[in-house]
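Residue numbering begins at 1 within each chain, and the chains themselves are lettered A, B, C, D, E and F in the order written.
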Amino acid sequence: MAADANNNGSLLKFGLPKGSLQDSTISLLERAGWKLRQHHRNYFPDVNDSEMKCSLCRVQEIPRYIADGTLDLGLTGKDWIHETGHDKDVVVVSDLVYSKVSNRPARWVLAVAGDSPYKRPEDLAGKKVSTELMNFTKEYFEDANIPVQVEYSWGATEAKVVEGLADAIVEVTETGTTIKAHGLRIIAELMQSNTQLIANREALKDPAKLKKIQQIDMLLHGALDAESMVGLKMNVPEDRIPSILDELPAITAPTVANLWNKDWVSVEIIVNQSVVRDLIPKLVELGAKGIIEYPLNKII
Amino acid sequence: MAADANNNGSLLKFGLPKGSLQDSTISLLERAGWKLRQHHRNYFPDVNDSEMKCSLCRVQEIPRYIADGTLDLGLTGKDWIHETGHDKDVVVVSDLVYSKVSNRPARWVLAVAGDSPYKRPEDLAGKKVSTELMNFTKEYFEDANIPVQVEYSWGATEAKVVEGLADAIVEVTETGTTIKAHGLRIIAELMQSNTQLIANREALKDPAKLKKIQQIDMLLHGALDAESMVGLKMNVPEDRIPSILDELPAITAPTVANLWNKDWVSVEIIVNQSVVRDLIPKLVELGAKGIIEYPLNKII
Amino acid sequence: MAADANNNGSLLKFGLPKGSLQDSTISLLERAGWKLRQHHRNYFPDVNDSEMKCSLCRVQEIPRYIADGTLDLGLTGKDWIHETGHDKDVVVVSDLVYSKVSNRPARWVLAVAGDSPYKRPEDLAGKKVSTELMNFTKEYFEDANIPVQVEYSWGATEAKVVEGLADAIVEVTETGTTIKAHGLRIIAELMQSNTQLIANREALKDPAKLKKIQQIDMLLHGALDAESMVGLKMNVPEDRIPSILDELPAITAPTVANLWNKDWVSVEIIVNQSVVRDLIPKLVELGAKGIIEYPLNKII
Amino acid sequence: MAADANNNGSLLKFGLPKGSLQDSTISLLERAGWKLRQHHRNYFPDVNDSEMKCSLCRVQEIPRYIADGTLDLGLTGKDWIHETGHDKDVVVVSDLVYSKVSNRPARWVLAVAGDSPYKRPEDLAGKKVSTELMNFTKEYFEDANIPVQVEYSWGATEAKVVEGLADAIVEVTETGTTIKAHGLRIIAELMQSNTQLIANREALKDPAKLKKIQQIDMLLHGALDAESMVGLKMNVPEDRIPSILDELPAITAPTVANLWNKDWVSVEIIVNQSVVRDLIPKLVELGAKGIIEYPLNKII
Amino acid sequence: MAADANNNGSLLKFGLPKGSLQDSTISLLERAGWKLRQHHRNYFPDVNDSEMKCSLCRVQEIPRYIADGTLDLGLTGKDWIHETGHDKDVVVVSDLVYSKVSNRPARWVLAVAGDSPYKRPEDLAGKKVSTELMNFTKEYFEDANIPVQVEYSWGATEAKVVEGLADAIVEVTETGTTIKAHGLRIIAELMQSNTQLIANREALKDPAKLKKIQQIDMLLHGALDAESMVGLKMNVPEDRIPSILDELPAITAPTVANLWNKDWVSVEIIVNQSVVRDLIPKLVELGAKGIIEYPLNKII
Amino acid sequence: MAADANNNGSLLKFGLPKGSLQDSTISLLERAGWKLRQHHRNYFPDVNDSEMKCSLCRVQEIPRYIADGTLDLGLTGKDWIHETGHDKDVVVVSDLVYSKVSNRPARWVLAVAGDSPYKRPEDLAGKKVSTELMNFTKEYFEDANIPVQVEYSWGATEAKVVEGLADAIVEVTETGTTIKAHGLRIIAELMQSNTQLIANREALKDPAKLKKIQQIDMLLHGALDAESMVGLKMNVPEDRIPSILDELPAITAPTVANLWNKDWVSVEIIVNQSVVRDLIPKLVELGAKGIIEYPLNKII
């Protein structure tokens, strides 16, 4: 069996998504602490960790390889785990919400021509639906008791409706921009999906592999969380500390240190980047000076 | 039904291959006499012929659309007509051998790792074969009575063997270069394929559509044939004509015209470009002068 | 005066359009018989003709330079000749219909938001119109007695309506594609424009310059016309000549030559490329054989 | 009126410069705390702040839109505010010195051919000056009582002098490189310019908008200042602190913290990046160890 | 010996220049009748001729390989044949004047800083000269009895003078543009060079190789000559033939053919493209009609 | 002498490598504290330090310029210092291990065709070896008493063996990837090389230059070291400090500061990035919370 070929002891076989998620995954791994070097032909990127071996695979194929033990651990989409029927065969270690363009979950939506009469899924009874996600789409319409003809789409699915080759499509989108740019209208959201870290059941029973998986899981989350967090440091008069601390979002307790020869202290906190633009004007008003913001690589 | 949407009278609905064959197909059509203008989103390229409407579709989907009447005429691969099970449902108008890189037919081959022990298809009994052409591959091994596990490959099929995810692959190649560059070895050629012009059975019964199809067929071949043909024109002394004509490849009779005030004539022929480099030295030896070669757009 | 700097005798100073028309103009000149070599910084491309000197200038500036004698001859748009108020100051030698993308004339249109209530120019009374063509637009609305506020647009004019910065725009288009892609609706076509070859009045009185201008004019048209013409050559049985000649579009009389040792003749004609695809099937039906089509560089 | 279209309550309408400043502006806003997502057609980039709406506009047009209330706040050049005659109609909130290539102010200079006889502006009396900044240039020469002919240049202004189409130009430059590369000589600097944050007079009277404008102003400056500042942290023996502090540039008081189990302390300061390369060798000499420099996102 | 590896009988080993001449050489060979297909790694491009094998080599190395029999035939520069000392060891079959950018011979020139005092080669006595062509340059200055220090330049030779690393350079140029763009001044032309077809002395004694070399030589020249030649065809009244023939450049005798049902004849000639723009106006004046110009692939 | 041209007092003339190391060198200098601005023609990039002047030169030429005083300081390869025979003429200030792709030293290896019989250097007796490093290669084989013919390779050295133009090559590689991709086999590593900061002997005697060189050396190392180091900060209960400190790699003593109103302290250390992924899980286990990692610019 092909799968046995790389099966050497406790070396963790880790499958990474090839294609649209590839660059952001490799960059996330690097921030988490693993450097990958890709070669011209992309089989096994080198990784600077002798306890694991990485393969680049299609997201559609990773669930199958995890289920049959060809791989021990993998990053793939919740949507494809379900579509390929491997929900029960793999263990979901955790959810990691990131993507090529945004950090929002992806949505599989049902869309029709903007000027078509269809308003709800049931209006599509007897019509043709084109999608890359055949099993899920059939399941959805069967559960809803709406008889439709589901056809496999080899790509450019949005164009199918425009070209008159289908009446509706089930397609993935993050922001809806491509859907709208084709003049289509979304009439239902059928499923949300995001990247998941999944593991082979047997691999989790091997203590060495389990430890490696937990390390990877912790540090991937640490790197992902750090993207939206920053460090803030400011100088404050000692007597203003209480009023300033009242304003600070309480993630962890602030660090305080002295300023040289002054009745002031330095206060340092870690906050979500999105609150900084509102927080800084308040801090200034409360008497903080010399406020600096600095970037983080990881936060655990 | 989606298919009805564009079904207006005798307008010929012509499906062109999207993707790797797209540019060479559009260029071939232009040399044949039809100019296409593509827009940013590629549904229906404009064509300067009010009797037809072009759609760009995946080669895998064109047979289905021809079979069910969504399209009247299409250019697709013999391989995908067979794979999608539409051999019987569509009419093959003619074969057109051209591609992105060469004018050779494509070959679907069975390939294994260069250093694997497999020498013949039967050595793969009990092994895993990865391919994009599931039906054909299963059929081939069943006919040969070799039990294998065939798995669908979502792309980068050559890498499957290298990564240890499959024992063999069935993949398409023109020159074998990519196969070899992955360190694989071809152990059998399973099928040859080329582009075919296929039509819907009903469309051929509509006289207006039939005439259009015949015109397209004739001119596509005229443009394709002209790629390898050139015109040769030379001046020869009248008395050398017989010996020179003996040398000329006899496609059509040569045209002869007089030279002004001389006992020489101009002789003009159409020949295959590949013979020119050997023909010219002979013609020079036989006394021809002022030999020119000129390019052709079409030859019918 | 700056204009005097290059004013040496009968050397013809020829202004070519910089920017979107630049490549197609240089290619047209090359087919006409003049090779230009551009340098890194585009002042004066070298031209292989010691009787002229070329400058690359903005189309908007060429009319001014022709009018004041800085240049003798130029290629620019009819629209900009009018906009810059030089209609009367320059002599139009001829019209040359070509452009970056098509060989259709350009149209300046009045466009509004697709979902706005404006249907006709008069609906815009009291509104704001954004355009690059200030003078013409003001003139147009004044002539039509419609009071509007015309504002100069520094570019990206279509976006002005979308962004709510204007109620309507006057913008140039060949195919309407960009206008539609911005969701705008054309409510009137205000002017057609095309490239014109224009000359300075004094230059035309200099016999050497006049002769050069006539040569340029003739050969530019020769090269432009050849783009849409091809040569057709075919072998026909002598007795079918009359019926075949009846079918041939009569641009010039066909050339006939003998075939060697046969009762057939070779017939050669020059036809518009657009008729070829319909002509060839008829010729085949009438007995023509060995039909070839070949490209032309020029036709005068 | 078009301007009313987006006028909904206290939503701040913020105009950002399209074109050469676009990328650096968007990057500056991101560091300040606002993420923009641009779409294929650039009208309104999404911004993650429900209290404002961004439009991308030409720098030349922003002063007009601020003056007439189409926009509330904008980033544009001091030069174009003056050129378009809106100096009096808009309120300058602050100066922000940044650009595509450097952080120096831009200069509008008067330049002539390197080998021309002109040494001072007055040498140009009676000559032709080409520029994109018509009003300012006319004003300048009128104030100086030098009669010149000012002509509008549609671009590639430097080439005008080289091509003999003008005797001098008034053009913008940061480093003078392009001017010199065209073989031109600068004979006077006529104006310095930089980006300015400008606001509509009425918008400043709306308390909600005023607060938003102050927040934007504070954080843009915070992000811009942070570009040239870094954090320095070092370990020093307690008794050396005074001598080391003498060397440190006194922006804010240094933060001091203890080292574990040692008679040393950690000293941390924020300094201008440009002094670091001279400061570090001195600190090493004075006994500092483990000096690290880290980057900042913002400094207020 | 490595050279023996490919030494199989009468197969002609043909060395083609890698680098700046590569594309134009491959295109020239294609027009001559040989199609080459290059692979990702450029050792041996496939050629559609079983009697030869092509290698891509540096022009500097081809003379050595021809001299020692590693290759039988090669295209390289006259300059490098001399520089590498192989003038006597190889046989020059013919000169072929073509290059990447023009069809002019290349010139090796002596250039100095534009503002330096050096006017003639002898002014460089005691100075430093930088060049890629060490042997030739030393030879030149020794023959001229001018003592200079010649230093090998690894590239970017023009910059050496600008950077103050050399007082003069000996560098190759076609048009002088790069030399001038660096502010350098040419003070002498030391050698002209062009591509040469060179052969190994032994290869010419092998009749099969000799015949192949002659064929290649004839057809390369045929393709190169055709670049500057075109066909002209025109209709003329029979009685005007003599006066028109007087005007025609007499390369070969014109071909004449009849027009159908008219007292006119068709006259066809092959002329140099550079005379066409002056010839056509004269022909029109003399009564020619329907003048067409068509392109040629080869002329022998 | 050309070298004198720029010899003005204590201005340090610093030669930087042009070509493959150029971008990484400029980026390293920027992190060290010097900003370079390159112009279109690359002689002297501007540097924001009035005490030095930078030139971009070939790595092969820098040793010569340092040796003869044309430059005072330079970055080049150990390999080329040796090859050009300047080992004794220049002073090596320090080694800096960085490159275009990795931070490993480069290796010059002896490689042969994968399917050749050669296993050790001595098997090459009487064979042809192609290399860019002529002197070193001759020296190596002479020292080893193996008679070979060494030929200079103008580039694409790996292809020489594949094309049968050489039996072996001596070529530089970091990872061996290109060597393997050409089907070659490494049979010996002949030399390791890395970038070196080298100085002219006289320059080191000038106190101003010496101080500048020491500053550059210190800060280049500071920037290079910082690439692999990060700051880690964490909150720990006071009583766990000893057990946590036991785990921390002891580069410098940790900084400790108080948390507000808690029995916890903040501990901050600088560690090598490569240990972080193993360190963090241990710290979490030992009770550390709020662990953050932040990037460094420099570490001295």
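Everything below uses one rule, namely that a residue touches a chain if its C-beta (ideal position, glycine included) is under 8 Å from a C-beta of that chain, and two chains touch if they have at least 3 such contacts.
Bear in mind the structure is a predicted one, so any value in this text is a computation, not a measurement.
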What shortest step count links chain A and chain C in the network of chain contacts? 2
Contacts shared by chain A with chain D include exactly F
Any chance you could name the chains that touch chain E and chain F both? none
By mean C-alpha position, what chain is farthest away from chain E? A
Could you find the chain whose CA centre sits the greatest distance from that of chain F? C
Nearest whole angstrom, what separates the Cα centre of chain C from the Cα centre of chain E? 36
What is the distance in Å between the mean C-alpha positions of chain B and chain F? 52
What positions in chain D touch 2 or more of the other chains? 181, 257, 294-295
Touching pairs of chains in this structure are A-B, A-D, A-F, B-C, B-E, C-D, C-E, D-F, E-F
Give every residue of chain A touching chain F within the complex, in rising order. 32-34, 37, 39-40, 48-49, 214-215, 218-219, 222, 226, 229, 231, 241, 245, 251-257, 267-268, 270, 294-300
So, in the complex, the side of chain C touching chain B is made of residues 177, 181, 230, 233, 235, 257-262, 264, 266, 273-274, 276-278, 280-281, 284, 289-295
So in the complex, the part of chain A that touches chain B is made up of which residues? 1-3, 5-6, 18, 41-44, 55, 57-58, 60-61, 64-65, 70, 127-128, 151, 153-156, 159, 162-167, 181-182
